[in-house]
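Shared chain: chain A. Partners: chain B in the first complex, chain C in the second.
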Partner chain A sequence: MRLIAFAAALFASCAASAQDVGKEIQRYRPMVAAGSPAELFELPGEELWKKPQGPKNVSLERCDLGEGPGVLKGAYAHLPRYFKDADRVMDLESRLLYCMSTLQGRSRDEATARVFGSAERPSEFELLSIYIAGESRGVRIEPGMSQPKEKATYELGRALYFHRVGAWDFSCASCHGDEGKRIRMQELPVLYKPQYARPVIASWPAYRVSTSQVITLQWRMNDCYRQMRTPEPTFGSETTVALIHFLTVTARGEPYHGPGNKR
Partner chain B sequence: MRRTALALALLAPAVWADPTPQDIQRIMQRDFHPRGQATMERVVQDGVQRVCTETHDRPPPDLAKALEADQMKTIVYPEGSLMGDWRRGEAIAQGGRGLTWNDKPGDPAGGSCYNCHELSPRELSHGTIGPSLRRFGSARGSSSEVQRYVYGKVYNAKAYNVCSQMPRLGASGTLTSAQIKDLVALLLDPASPVNE
Partner chain C sequence: MAAGPMKMRASLGAGFTDVRVLMTHPMETGLRKDADGKIVPQHFIQNLTVKMNGKTVIDAQISQAVSRNPVFSFRLKGGAKGDKIEVSWLDNHGESAAIEAAVA
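And then the complex of A and B:
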């Protein structure tokens, strides 16, 4: 939000004078140190949320992310959760896909043609995720765990975490199973333990400094499985949602403080 | 009626039982799709993956021994010396490509060794999931027995420790026999930086 306020101020001062811009850049530096460039994507994310699209030419503003149609405050911190209308547990991205289908009338193929974007052009899911997650800052992470399907999804996610598979015999725990381990210089959080899951999960989605990209948890699941040498998990599938749910339940209680930065 | 309710209550825990590896495999077969060289048979567990999943990587000793003996049979030793070129071995140890859905099939793969192991003292960016291999050869020499052990371990780590986290680099088709020989040299050649 601070960065967005700054971006707005920057536009305003562009119209004013170059000298003012210089002053604004001075003001900008400590803001970058304190915040994340991810915040710069909240504004385009909000625009996308409000933009009429699809055969029905409507926006996503009536999408129910679990707190009621159009309610964004705290919605991300309470996902994944069970949705009666879809009769399944959904994370943010699978829920957005559901709303693109039901509200906007878009086909799954069209809506998922480009789920992971680039530095130059983030995907719709990335922009929307950053905007919506930002509306949960300070809200405690509390994904759904009361419904039978939520409990079953959690158990599935936990089993997936330890399931050895693929051409290299890895499970999630092959890398994220023991404390104090690294791949190259990268420290590996033991994500089935709350003290490690909490700070990690509370900062997704995020801005990835090494590639200048916005990244989401669906991307993270996809890229871990790529490196595990399995086939590709389908975007928003039960497998990916179950893992995200398991990790998020493990992290529950942590105040959401993203979108954050990743290496 | 009351009896039925009791029976249902007793059955209820079964609904909450952890999904079995068989359940997970069916779910993965439904939720994953082939891409590039990453085809769907990769979500079908073999015996090693199944047992290690079921036992959380701690199989009973008898079963572990039987599976290791089984894996030992997969190792194909080439004729002649097992020592290749440690310089090529260093490049293979650095490389992390191979077998993912965005690697081009047929391109030479790396061994991803530095991802998990310390080897040359000149490479500070090394992982710690596996043990340090610094001075591996200085400590053990480079007899044909040691060469055979290193070649076999790289070819199929599960023949020595069935639930090892190390990939079966030869048995999975990741590395060629010539590449594994180069890795043997990286570890055992007295001139290799690993043995400085």
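And then the complex of A and C:
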């Protein structure tokens, strides 16, 4: 009996300290949110956007991100969306890849040879994402949801979120499905619920403090599938775009306030 | 990224000025090894100076314990719109960088 009481007391104290840790993390977040080193990457991102490249030796400045060729203001906040010229729904990174191939004449293999970079040398997609997303600060997140293909992509993303796959039989919802869960210190937001998806989506792409790296949503999808032990998803594939679209639609209405910080 | 661009914002509060500055710097501790197993030499910011209208208000000595691409914020007493804030750093290789902005 005494042992049970002791165990109960121990359990209570563990629960209390977990709660304190949660509170401390909440206190830490606004402190680091005030200034993100992501901003340092906006300038090299802009230079890359304007740099002539590829067999056609042209820049990406005429790339249509949905608001018209070369229009960046608010473009990120309205992605992913349906593009008639490509006849598919695209997120920022798959759209950039499309522009690299159509405008600059680059091959898919060459353009995607290094999609995820390092602290010393971020990838093209990372630098461009930070610059372009920064041009949407304060704009409400409103991805495309009127076209039939946009609705189909949303439905596919939603199905994928709950679809269990791989050797470990995991889905996104295995980790991001219940409130109050965490892995070590990391809280796991329930991303199919708007109140959790909104602040998360509004801060991507981001600077990750622990690795000093710029990270994008395509990287996040790739890394989640890696952690789920599935084969590696293709960069900018229908699967990754559908998941990003589903999450972004869930977060719609939130003013975009990134590029942010991640631990 | 190697040592490079800085970004700064200085905003006026009630009787104080908040300065926030971002720096690009590798901040190598000298404890890390590269892909070939060789130690990456120490490379970190040693001195940080904040000036307000030419007068030094903060002179800080920092070490390799500070993260890569550091972010600093300071609250300075007083200040007025248009006051010139300058922030500069000097690292252990003798490299330096500086930025200035007007209080907004």
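Keep this in mind: the second predicted complex is superposed on the first by the 230 of 263 C-alpha atoms of A that agree within 3 Å, B and C clash if a C-alpha of one lies under 4 Å from a C-alpha of the other, contacts with A are read in each partner's own complex, and residues count from 1 in each chain.
Following the convention adopted for this analysis, a residue touches a chain if its C-beta (ideal position, glycine included) is under 8 Å from a C-beta of that chain, and two chains touch if they have at least 3 such contacts.
If you're wondering where the values come from, they're calculated on a predicted model, not measured in any experiment.
After superposition onto chain A, the partners chain B and chain C occupy separate space and fit alongside each other. With both structures placed on the common chain, the touch criterion links A:120 to chain C but leaves chain B unconnected. In the superposition on chain A, contact of A:164 is made with chain B only, not with chain C. By the document's definition of touching, of the two partners only chain B reaches A:233; chain C does not. For chain A, the partner with contacts to more residues, out of chain B and chain C, is B. Superposition on chain A places chain B within reach of chain C only down to 16 Å, the least C-alpha distance between them.
Chain A residues in contact with chain B (one complex) as well as with chain C (other complex) do not exist. Against chain B, in their complex, chain A makes its touches with residues 151-152, 155-156, 158-160, 162-171, 174-175, 177-178, 180-186, 188, 225-227, 229-234, 237-240. Against chain A, in their complex, chain C makes its touches with residues 1-2, 4-7, 20, 22-24, 26, 67-71, 73. The touching residues of chain A, when paired with chain C in their complex, are 32, 34-37, 39-41, 43-44, 119-122, 207, 209, 212.
Here chain B touches chain A in the complex through residues 16, 18-19, 21, 23-25, 27-28, 30-35, 38-40, 42-43, 45, 48-49, 52-53, 56, 99-102, 114-116, 125-129, 158, 165, 167-168, 172-174, going by the rule given at the top.
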